[in-house]
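Order of writing sets the chain letters: A, B and C. Residues in each chain are counted from 1.
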Amino acid sequence: MKGRLRKYRNAMMLGIFLLFTLLALVPLFGVLGYVVKNGISALNFDFFTSLPKPMGVSGGGMANAIVGTLILIGIAGLLGIPTGILAAIYLTEYDRVSWLSTAVRFTTDVLTGIPSIIIGIVVYTALVVKAGNFSAFAGGVALAIIMVPLVIRSTEEMLKLVPQTIREAGYALGIPRWRTILRIVLPTAAKGILTGAMLAVARAAGETAPLLFTALGNQYWSHSLNEPIAALPLQIYQYATSPYKDWHSQAWAGSLVLILLVVILSFIARLAFRSRKNF
Amino acid sequence: MISKKGKLLTGVLAGFLALSLVGCGTTAPSNPNAPTAQAVTLTGAGSTFMQPLLAQQIAEYSKQNANVTINYQGVGSGAGIKQVSDKTIDFGGTDAFMSDEQLAGAKGGKILQLPMTLGAEAISYNIPNAPNELKIAPTTLADIYLGKITNWNDPAIAADNPGLTLPNLKISVTHRSDGSGTTSIFTHFLSAISPEWDSKVGKGTSVNWPVGVGGKGNASVAGLVQQTPGAIGYIELAYALQNNLHHALIKNKDGNWVAPSLDSASAAAAAFQVPDDMRVNIVNAPGAKAYPIAGFSWALVYQQQSDKAKGTALLNFLNWAIHDGQSLAPAMQYAPLPTNLVSREEAMLKTVTYQGQPLLK
Amino acid sequence: MKQNRVKESIGDTILRLLTLLMAVSVVGLIIWVGWQMFASAQESIHTFGWSFVTNRVWDPVKQNFGALPFIYGTIVTSVLALVIAGPIGLGVAIFLNEMAPAKVRSVISFLVELLAAIPSVVYGLWGIFVLAPLLRDHVEPWLAKWFGFLPLFQGSPMGLGMLAGGLILAIMILPTIAAISREVMAAVPDSQREAALALGATKWEMVRIAVLAYAKSGILGGVILGLGRALGETMAVTMVIGNRPDILPSVFAPAYSMAAVIANEFTEATYNLYLSSLVEIGLILFGITLVLNAFARLLVWSVARGPKGGHLV
């Protein structure tokens, strides 16, 4: 009797967890379904090759925004990935246990939770107002700040996996520590590090809020990194909140391209990670 | 194998170091005097009221002047004023002229305010199956925005529209969430006709709305009206027309019901003398045909330009926009600038200098 | 300094100092961010004092600013999101960690992570064109019909409002809660599970006794991290919350969040007090997320033994 009740309860709870899992997937397919359905029908050659048309005029594309996003994440990657990797090297190779490294680890974790809009405010105050113009560079810096903690944590995990014996082998051969780190430890963990970096880049690619006050947006091609630049998320935001039907469908198409970009970056990262698991 | 990857990573590190040095260089204020031989990029931001017209003017202008790129972002008049004051953009756009206080706070010295266009603000609504040109009296409009009239079947609305049965539908008030010249024009009008509005809410680019949902930019409010049954909103006429939104007739100062159009906006402007500094409000204008919710939209330009190439390009564009560029206005239901105003503005543009030399010949 | 070392030690010194610099710069960064905001918020702090957080008026015309409506909107939408995403996220974590066969597990955890990879602005787009009309035409009228006696579900259904904001946030924080709960559950030693099973526990009993009890503070940490993410989320919320600084009891009503008001008004605050008030809202948001994240990380660390990353895409 009691046993049966327990079995029922067991089945019920397991059923609920299964149901919750299925429920969690509903919005995923809801969002992706609409993005793919509405996005594909608006995707055409022009979308990838043309500049946006003035408001109310149909046609045009998001060529500059696609390139703009690539440039922005490029700047962010160049600034953020090396910073993150170097900081992670400090945490694993030079100082694993002191109060300082604990503080750095802790701050890094906390930093991942700081709202990105706040990064936007600070970069605006520090770079845009000081330099006297909105710019791709300012946008890239804002995205880099978002990437750094992600890169540090993933790199640290990867470097920790490198067996201590490898380092010791290096020292035993009389190779100085810095060369051991740069030429032996880092390359051993390279795939994992790149995976983490790629995931951070993917995350930055979709950010909108910090770009509002830094990259600003641009209907045309930017000629230098010192000018405002278009970005896919900014363009999607602008088009989504407009009343124009044509812009709505372009916003869906832009979303599709943005998601593909993010997913492809994550996917490459994942594949790289898979192939190094047997370490 | 390993050393190959090592080289790669060392290369990345070296690249980072080089870049961080370059980075330090670019954060410093860049060289404003460098002779940018041909290509010039101008950045403007602000009003979404004039954005549809300005966007077409820019597109047209760049066909003739391929070397000039003008990036205009519709971020709201408040932002136009703020960013031009902080010198983060080359020119601003606003439909609420800058106050003396705001002018005093500008970082780059004296700012000239040039009327770029003249437009009417449509009171748009979304009532399923209702006809266009519903009549809405100014006091009724104020009461809707004060939250005192909340349903479309309210007797006050019915009284002005005999023979029309409006549905029992909640009114969804929409307004701007950003600092907006469109809001400034609208709230100046409500303050002019409703003492209660004037004392409770007041006028400005951003106000403390008693009711409603906010959208960023004219486009966003038009989108809200379009997507929400029962919605009402104030938007620049071009947005209403481009999206086939219904607009209301508004009773003007003379007691006539007037639709928003380029003619009724021109009639409103004709009732006022534009002062030398070009700062004028034309809401609730007298005149039989005058539409009461209309206004100018201004470009904000520093009288002393700090970059010769940019300054020249900017003045050439603005001069073109107030002359030839006006021909694009009527098709979008913006009123062309009155000719006497254009010549005064041209004189104003000629006072803009770079190191003491006028830029516009 | 120590010149009696081998000459390569110069390279060592350089690398050590360089990496130290980068590591310290992370700590410096967060202090700098806080300091920058604190400095720019001074005018507002001096003018309004503590009344800033209790004042419910946001009136740029009369230069009277209070953060309460934004704090309210932020808290209501975030709590709504937690109430929905908390149990579901936990359910997903239990299903994946304790029930699912390996193949199903990898597929579903990939899909859930994909949910986290969708950019905020895309959720906003979907919110405007799919979720809001759905809420306005179907969900909200239904809620009003059956639960309309509660002030929570009164008022006219508009689609855009706190309910839409809360739902979007729930979707967005679900992967965070699921992933971190899973991570801490995975840290529960198998011996715990085996012990429970050996005593004749059913699977659910095993999960409850051995896993949840062991991992509960870590799970709480995951939930709080989700809350932190919800509080600071900007774009999707801005696009669906209705952007209205007011405190209304109904979840159908439009509201405003702290991050949204910054996104909308930051570039256009035309006088210093206005700008400073916006920065102070940012400072409050920064402070809250800082404390929440710090607390949550400590909880997660306490279970998953030492600092481990629970990062998603």
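Just so it is clear, a contact is a pair of C-beta atoms (placed from the backbone, for glycine too) under 8 Å apart; a residue touches a chain by one contact, two chains touch by 3 or more.
Not measured: the values here are computed from a predicted model.
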Farthest chain from chain A, comparing Cα centres? B
Hey, which pair has more contacts between C-betas, A-B or B-C? A-B
When the C-alpha atoms of chain A and chain C are each averaged to a single point, how far apart are the two points in Å? 17
If you average the CA atoms of chain B and of chain C, how far apart do the two points sit, in angstrom? 35
Shared-contact residues (touching 2 or more other chains) in chain A: 83, 86, 182, 241
Would you give the residues of chain C that are in contact with at least 2 other chains, written as numbers and ranges? 128, 267
Could you pull out the residues of chain B that touch at least 2 other chains? 215-216, 223
Contacting residues of chain C [partner chain A, same complex]: 6, 8-9, 11-12, 14-16, 18-27, 29-30, 32-33, 36-37, 40, 87-92, 94-96, 99, 108, 111-115, 117-126, 128-130, 171, 174, 178, 202-205, 207, 225, 228-229, 231-235, 239, 259, 262-263, 266-267, 279, 282, 285-286, 289-290, 292-294, 296-297, 307-309, 311, 313
Taking the complex as given, what residues does chain A use to touch chain B? 53-57, 78-79, 81-83, 85-86, 127-134, 137, 141, 182-184, 186-188, 190, 216-223, 225-228, 238, 241-244
For the complex, give me every residue of chain B touching chain C. 75-83, 85, 101-102, 105, 170, 172, 177-179, 201-209, 212-216, 223-224, 227-228, 230
Given the complex with chain B, which residues does chain C contribute to the contact? 57-62, 128, 132-133, 136, 156, 158-160, 238, 242-245, 254, 256, 264-265, 267-271
Within their complex, state which residues of chain A touch chain C. 6-7, 9-10, 13-14, 16-21, 23-25, 27-28, 30-32, 34-35, 83-84, 86-87, 89-91, 93-95, 100-122, 124-126, 145, 148-150, 152-154, 156-157, 176-179, 181-182, 199, 202-203, 205-209, 212-213, 233, 236-237, 240-241, 248, 251-252, 255, 258-259, 262-263, 266
